[in-house]
Amino acid sequence: MGHDYQLDDDHFHDECGIFGIYGHREAANIAYLGLFALQHRGQESAGIVTALDGKQYQVRQMGLVTDIFKKPILEQLPGDIGIGHVRYSTSGGSLIKNAQPFHVTYSKGPLAIAHNGNLTNAARLRRELEAQGSIFQSDMDTEVLAHLVARSKGVKTIDRIVDALSQVRGAYSCLFMTGDEIIAVRDPYGFRPLVLGYLGDAIVLASETCAFDLIGATVDRELRPGEIVSINRYGVNHITPFPKTMPKQCVFELVYFARPDSIIFNQSVYDFRRRAGRILAEEHPADADLVISVPDSGLFSALGVAEQLKLPFEMGMIRNHYIGRTFIEPTQSIRHFGVKLKLNPVASLLDGKRVVIVDDSIVRGTTSRKIVRMLREAGAREVHMRVSSPPVTGPCYFGIDTPQKSELIASTHTVAQIAESLGVDSLGYLSIRGLRQAAGAAEYPFCDACFSGNYPMQMEE
Amino acid sequence: MGHDYQLDDDHFHDECGIFGIYGHREAANIAYLGLFALQHRGQESAGIVTALDGKQYQVRQMGLVTDIFKKPILEQLPGDIGIGHVRYSTSGGSLIKNAQPFHVTYSKGPLAIAHNGNLTNAARLRRELEAQGSIFQSDMDTEVLAHLVARSKGVKTIDRIVDALSQVRGAYSCLFMTGDEIIAVRDPYGFRPLVLGYLGDAIVLASETCAFDLIGATVDRELRPGEIVSINRYGVNHITPFPKTMPKQCVFELVYFARPDSIIFNQSVYDFRRRAGRILAEEHPADADLVISVPDSGLFSALGVAEQLKLPFEMGMIRNHYIGRTFIEPTQSIRHFGVKLKLNPVASLLDGKRVVIVDDSIVRGTTSRKIVRMLREAGAREVHMRVSSPPVTGPCYFGIDTPQKSELIASTHTVAQIAESLGVDSLGYLSIRGLRQAAGAAEYPFCDACFSGNYPMQMEE
Amino acid sequence: MGHDYQLDDDHFHDECGIFGIYGHREAANIAYLGLFALQHRGQESAGIVTALDGKQYQVRQMGLVTDIFKKPILEQLPGDIGIGHVRYSTSGGSLIKNAQPFHVTYSKGPLAIAHNGNLTNAARLRRELEAQGSIFQSDMDTEVLAHLVARSKGVKTIDRIVDALSQVRGAYSCLFMTGDEIIAVRDPYGFRPLVLGYLGDAIVLASETCAFDLIGATVDRELRPGEIVSINRYGVNHITPFPKTMPKQCVFELVYFARPDSIIFNQSVYDFRRRAGRILAEEHPADADLVISVPDSGLFSALGVAEQLKLPFEMGMIRNHYIGRTFIEPTQSIRHFGVKLKLNPVASLLDGKRVVIVDDSIVRGTTSRKIVRMLREAGAREVHMRVSSPPVTGPCYFGIDTPQKSELIASTHTVAQIAESLGVDSLGYLSIRGLRQAAGAAEYPFCDACFSGNYPMQMEE
Amino acid sequence: MGHDYQLDDDHFHDECGIFGIYGHREAANIAYLGLFALQHRGQESAGIVTALDGKQYQVRQMGLVTDIFKKPILEQLPGDIGIGHVRYSTSGGSLIKNAQPFHVTYSKGPLAIAHNGNLTNAARLRRELEAQGSIFQSDMDTEVLAHLVARSKGVKTIDRIVDALSQVRGAYSCLFMTGDEIIAVRDPYGFRPLVLGYLGDAIVLASETCAFDLIGATVDRELRPGEIVSINRYGVNHITPFPKTMPKQCVFELVYFARPDSIIFNQSVYDFRRRAGRILAEEHPADADLVISVPDSGLFSALGVAEQLKLPFEMGMIRNHYIGRTFIEPTQSIRHFGVKLKLNPVASLLDGKRVVIVDDSIVRGTTSRKIVRMLREAGAREVHMRVSSPPVTGPCYFGIDTPQKSELIASTHTVAQIAESLGVDSLGYLSIRGLRQAAGAAEYPFCDACFSGNYPMQMEE
């Protein structure tokens, strides 16, 4: 799996995962499992809202899914329909009030929203709503959506949702739930994934297919960019009310976010990464003795690199899986501490060797630098770093919690300067051309703005 | 002190206590102490909101004040102005979302509200607001207030608050706080108390004066019914914008809710209770050997009863103070269990004696019945119960969490029937006339609707 | 009840309470209730050991009884025989390893010991045992007892216990439990109480009768000093193997430790205290307007004082019952803080009055001094302190956690000096003669060494 | 790393890890880090004992190292010498009293013991000690050691330890600590590893070298079987007092227990496993499309298998790292649940393929069976299982928590029967000859009794 939240000083953060289930008498339990499988998409808070007889029940807390949802908690969530959410920061601070699903009542009854993405005009909409007398209790874009739905003149919930969504810009894969209906939405660009499936007679929705694997559901299909699917007692209905546009699916989901065992954007994440590794090695061959990776996120492209270079792949760094949520930094005299707690090089393997180390991306460069030094201290004679995505040169406005541009090492340094800064013997990034090739050459319905600078839209402020 | 939340099956529940401080660099710490002194007014949740440089900081949690506000928590609450709240149920369930102070942002910035009371037209206002597109995230009346303030066309905050309050009916003592101002309000009937004082240069507000005693503040005066006091950098300003009406201060605050060491409604709670005891004994003398009370709430009137009857007062029941929040009921074979955990009669004192037992009120009668049986099992030859308030015949709509009318023993039973049901040799309630006499005969600015049925207004639904 | 663990800087600490039950299928549940009723005897840690089919099960933790023993914990304690313990410090620090019942296995199988008291030759015995190769895992005297039992050549458990006890000196009321037997012991002086009773067919043992009241057991009788009772399948057997001596029951149990609703040393604690108050007032009359007490410990003697002086008794200080285990001291500028959190004087009652305030004892004087100042600040014109026990001039070696002699105000100050130090208008202690009279004049089987200096024995080091 | 405590129904359990440090002013902090790096050797409880000025300080708790040792806890552990322990079950139940280091005082002062291993004559020694009057407070073998040390007539601590150890049989790597000395021991067979190193001037001891890597210490050497090293103010002294015998180091440490980045028994664990994989593939070739492993424990031998078979190695199963300590089983209808929570096959990779799956060992077979079915459901056309150790046919008496013989699938089934039971197309175990070859052919100082039945000694009962 591509996630490693202990090393996050040098990685993007995934922001959210969403899950929905309609028509299963164990809705809360299944939602809990679905969220567990999506935990890599957000480890800060989690929540589930269920509905029974038109009334909603909710639990939202800070923490990991398995820590929050114990038996007595799940028993507080009756009903056969439910939506859930796991979250990392993005917009809105690390506070319980920003945990999702967002839950309100309004003139039509209860409404819960699980939202993955980021709106680029939320601040302006919020000001406009406030000017009309609205009050806000959280910092989330999602609260803007709730106000827009509540203020809409639409008669049916779906009309109100379409009305609301027609006013927002940006990235959103959303699950809306009333007392007896789920409405699933993917924005016209399709930035974030959202997949539809079946669990027996029940209908399930999830950010990634790995959630279906765990619960034994079968994948039906991914929602199309701009598609809205409503699920209620009358069945499943889908519409595409927004003007059609060229999709801009987030290529970083393939590069790093999604789990390698998921199928998103209609392709295998695993295959994408392995392919990216092969192309990377073609573009940047290395004369070396072995290929290792930064576990676990670089493992899959490293296999591709090793294959292409015809070099042995080795598990050259061992992870400690017992890292808790907080760790006492015990002494200043220990070098590379943050990384050492997590990773230890296998010195017997590396000693005297020319090593290719593969990672999926470099953001700030801090962790990479420490890793390179650890490898050298373990005896590596040469260190050749290969990165299975292009240099990250700009922030993301569509739901990924990237640092500011000034903190992105590639926004201020050339590749040669980065190589020197990291202390490597050679450094090779996958080219944007290579990235596009890995993602499927002919059509390219992807957003790669963080690499290319080609933003489909800008933040309004 | 008059509170005993372990015996609550037979008592009213106090709903809220509020506290505010303006102009003290330890605002959160002082608010914490103030809430601690008001803990008897609500043990379910507590919260503090402070403001610094126009920004608000909040902590709201389920639990007792001393359990919630530890040092690291208080350090999250900077600023020299703050309001706090302790809460028991009333409207809105036992959920964290219903903890106060209520906190929103709207067009004018942040707004926090600490509210003690209950609105009689909240449900209608809520429907009207929803019809205009408002969303609601809690079950509290207070959220209605926030919407009304936000939707007001008033330019200044105080104008908006006056505008909002002019639309609501019912009971409210409130503290509103912006980024740099506190506005304190008591409704025109003055149902709930609210006192103003000084702590050095700082201004403090509290439901009861006992909060001032703890922090060493001096009482200035009680807000008058209908008075609004705004406190900001320009000083303290007060207005009385609502039509004047006869005050209807809650006599049950004197009978049971307020701490006996508080001065509210401009009189000593202790003196009131002792006086009520004397009048009770005049109205219902008893030929007995000694007077005891249900501790601690009946102690003060029992002293008055004993004095009037010229009988010795004894501590005939001993309390166990170590009751935690939850208690495992271990076996069905133990009789009167709930009460036994809390109270034990002193058999050596009661054996063979004719006992007068004084309590402040009887609601359902369940606890009283168990106490009477415990006294008899301890050897009491006769048990004469005296109650220092009239029979409770109706629910409260103004912020007290009474059971429904059908559960009030005095709404369906005569005094003779109640006496038989409790198993006492005689039963005497304070008369309404006696209650009024105890509260001050000449003018009577009190609501005693739960005893008399004279409701100043009804719930709209 | 005579206990107030928040004011402990000026009180003795009770150290332990013990409880046993034989022959009840809910042994753990009943033991839990018994310990709950004895909680005032120790709030630091609690434990229960039960036995089933010759095997023992134990739970020992820091904290209050109701916090430790939740349903799943009690379910880990099967069996129809059990002993329990609540503990404050005395010998052995505040550590889990010092929680009781002490539990070991030795050549005869499992052995659990619940011990109330303090041995005066424990240090020497420990050194001797260590010299013979014994290891110690705690700091408790009780571990010495366990070693002595294990090393005894006695064939039957009871013989080993008699053998062990014949080697120790000091105070001990103990419950020993094997896999199927309970052996209850009171030392020859009978320093600590231990009462025997029946709960249906089951046999119960407790430090005080208030534990029987809660579970609905009937008191049979107090164990006699030097008596050993063994309870097993063959019935109840009692022996008195030690040389008979004049009993030295701890008079401080009557003065302060025991609950007022208990019968110990064959007398009512309540009656003792009330009587002590009357004698105190005879010895030290006062010309005053009213009598109040330091709640709750001084209430009972205050009633006696008021009766004797023919002055009204009033609840002049109100307690806050919501004090948690820890409290953030928020600001240095608030005076008398520790006491204020707990107690608040009723100013309306005291203003301009000459007040007699009654407490059960003065140890260091710190709290008393703060209380006197609070009364004066509340308006009291004169403050006359009356103490219902003699000056505490020496430490206790028999199980009470008193400060060292140098910290006892009465060991270094005359009564006149104490009066001046406390700031009272007059100060009167009960005389030793008065104490003896209150305890029953003719025979006097009590230890009052902390008042009189007449120690039945000394600590060996 | 070779550990995966979520899949433990089909794996051995590692029992203990030990760590010691002498002469570092941050002894507790360093011990904490050392234990963190050894966490894979025991996740049930952890403890640290330090010494300062002849006095010992201890913390022992259930739980993971990072959950137990927060800053305020570490601050309770002063001193520049300390030993620590992590533990899984083996002898003694999952109770806090069985947490280590074991800590006592005896005639010579305090003694702490951190023990990795299992004594084969502990039950007899315990009975003998009990017959001499010893009491036992835990179920651990280690308590026997403490008694033997305390009862020894030796004058110096080291003499007592030698005396004690000369009476025990079985497996033990131990750290003894007094108030100012550490004595490290490895039993004559050297079953468990124990390595000595330096951290600046401080001396460190650990079960595995990975603990040294984390703290930046340098490895000096492994203690020799039968060696005793004492470290005190006079320096480092070593003796080998026991009769020399052929070492019997636990080969399962190499196969599964130790971290792959450790050097133990003077060889690289990583290299051993890779080599075992190559030999396994030589012995049991397979005609297949790709090689995958059960992560993480099978990864290293899988690389060897893939190399030897000249097949691509793939990450065919993805782990979920967010499993907490407890997990709610939500529904019976989900198949292979326990394994699914942890592992998910990459269907896009496996579909239609002939798959070789490599694991390090098979104990009960339960997990393997579920994994095979998951692979088939993911589309694998053929499943060939290769196991990089021989069939486990007997329990371990030397400190590994294996199930009883009857639960070991290989003790009751032939390889053909196991293959059928697991549902694989072929099954190949490493031969004992291959194991010996992987471990170093010439001399073979290893115990492989669980595979070969050649026990160096038996349990006495």
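The letters A, B, C and D name the chains in turn, as written, and every chain counts its residues from 1.
Convention: contacts are C-beta pairs under 8 Å (C-beta built on N, C-alpha and C of every residue); 3 or more make two chains touch, one makes a residue touch a chain.
None of these values were measured; they are calculated from a predicted model.
Separation of chain B from chain D in touch steps, taking the shortest path, is 2.
Centre-to-centre separation of chain A and chain D, using mean CA positions: 36 Å. With centres set at the average Cα position, the gap from chain A to chain C is 61 Å.
Chain geometry summary: the mean Cα position of chain C and that of chain D are 49 Å apart.
Shown here, the protein chains touch around one cycle, each chain meeting exactly two partners. By the contact rule set out at the top, the touching chain pairs are A-B, A-D, B-C, C-D.
Contacts from chain A toward chain B in the complex involve residues 96, 103-107, 111, 127, 130-131, 133-137, 146-147, 150-152. Within the complex formed with chain C, the residues of chain B that make contact are 1, 3, 26, 29-30, 32-33, 36-37, 39-40, 43, 64-67, 69-71, 74, 210, 213-216, 259-261, 263, 268, 270-271, 296, 299-300, 303, 307, 312-315, 318-324, 326-328, 330-331, 333-335, 340-341, 344-349.
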